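A, B, C, D, E and F label the chains in the order they appear, each numbered from 1.
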Amino acid sequence: MRREIAMPTFHVELFEGRTVDQKRAFVKAVTAAAVETLGCTPESVDIIITDTKRENWATGGTLWSDPRPE
Amino acid sequence: MRREIAMPTFHVELFEGRTVDQKRAFVKAVTAAAVETLGCTPESVDIIITDTKRENWATGGTLWSDPRPE
Amino acid sequence: MRREIAMPTFHVELFEGRTVDQKRAFVKAVTAAAVETLGCTPESVDIIITDTKRENWATGGTLWSDPRPE
Amino acid sequence: MRREIAMPTFHVELFEGRTVDQKRAFVKAVTAAAVETLGCTPESVDIIITDTKRENWATGGTLWSDPRPE
Amino acid sequence: MRREIAMPTFHVELFEGRTVDQKRAFVKAVTAAAVETLGCTPESVDIIITDTKRENWATGGTLWSDPRPE
Amino acid sequence: MRREIAMPTFHVELFEGRTVDQKRAFVKAVTAAAVETLGCTPESVDIIITDTKRENWATGGTLWSDPRPE
């Protein structure tokens, strides 16, 4: 497969609490997914993770640190 | 009103120091604003807040942790 | 109410297709929501919208330009 | 495996030129990578792609639309 | 000066209308500024520009495509 | 030079560990670079820095907190 220059740069927001082992497996798997489907080199894949507190994320107007409405 | 699929996803940078109560009121009000003006469902509104230190934000070349020039 | 410096800066991703009228109403309502709940000045509220194609957004591994699985 | 709430939200910048087929394969593979390594549900994975012009990306001070220095 | 690994990755939102010449000068100058003040290598500096329509940016609740209130 | 409205808003991800002095010099130099090449006012330049842990950044599928493969 011809290598294509795609330069995928990922920013990923996640709830805090992932371990380093989980992050290590995550970035390895996501990089492989990008390489396989985009045809880019592994070295061109950057992934930046943002650990996010539940009090800093809301869905449906409710913080994830609060109880969810039924 | 017909519900439209708009999927508003908010990233909001704020100076750190907002309380959870302020954040709770903030995401509730912003979600309502999105629902009313875009016609989307509340559940489709995601809001992610980034608490930002004043030493990490500059306007006019001056960090907000430093005294502002007159 | 004492004005607080919060500097809320919003980035909002939306499916493309919102009209300028919808955007106008949206930024007005979101700005008002921020001012009321954070105690900041209207002038300190910045909102940047990103119109996003459905082929550029996926949930559950399916592009929104494709039919959703049942 | 217990499902964890991780809520991974991806923003991915790529050079423009990827086909819809490439994007379809890409989001499917990245979602699977997240589900496997984070233990989240597929439905909780959001991926937003930004097609980026080469004149809007620089590395080493050179736009990617310009010839790279040797 | 010892080279430090800082990996500065810039995302810059600008009103659309900058020419390629302006962008070329801009990324060159910003990269030099980062290298000088952070001690990183030029090659480690990535800059991604987002051309933004005035109808997609609001300050003070008013779109920049609309007349500004006095 | 005619002042242009460009509104450059920077988000910069960096490895954590930069001192406030480095950040102060950095935002001053980047703001000057923007003003000179875009013709905007200093006051219109906003820079938001994100200090990023090495365990939250991967290149080539390897976290920067881990040893790099040869």
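Here is the rule we use: a contact is a pair of C-beta atoms (placed from the backbone, for glycine too) under 8 Å apart; a residue touches a chain by one contact, two chains touch by 3 or more.
Computed from a prediction, not measured in an experiment: that's the story for all the values here.
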Moving step by step through touching chains, the smallest count that connects subunit B to subunit E is 2
Chains in contact with subunit B and also with subunit D, listed by label, are A, C
Interface copy of C-E among B-D, C-D or E-F, with over half of contact pairs matching by residue number, is C-D
For the pair subunit A and subunit C, the C-alpha centroid-to-centroid distance in angstrom is 21
Taking each chain's centre as the mean of its CA atoms, subunit A sits from subunit D at a distance in Å of 9
Note: subunit E residues in touch with at least two other chains are 9, 13, 28, 32, 46, 48, 50, 52, 57
Full set of chain pairs in contact is A-B, A-D, A-E, A-F, B-C, B-D, B-F, C-D, C-E, C-F, D-E, E-F
Within their complex, subunit D touches subunit B through residues 9, 46, 48
The answer for subunit B against subunit A in the complex is residues 20, 23-24, 27-28, 31-32, 42-43, 45-51
Counting only contacts in the complex, subunit D reaches subunit A at residues 5-15, 18, 22, 25-26, 28-30, 32-34, 36-38, 52, 57, 64
Residue set of subunit A touching subunit B in the complex reads 13, 50, 52, 55-63, 65-66
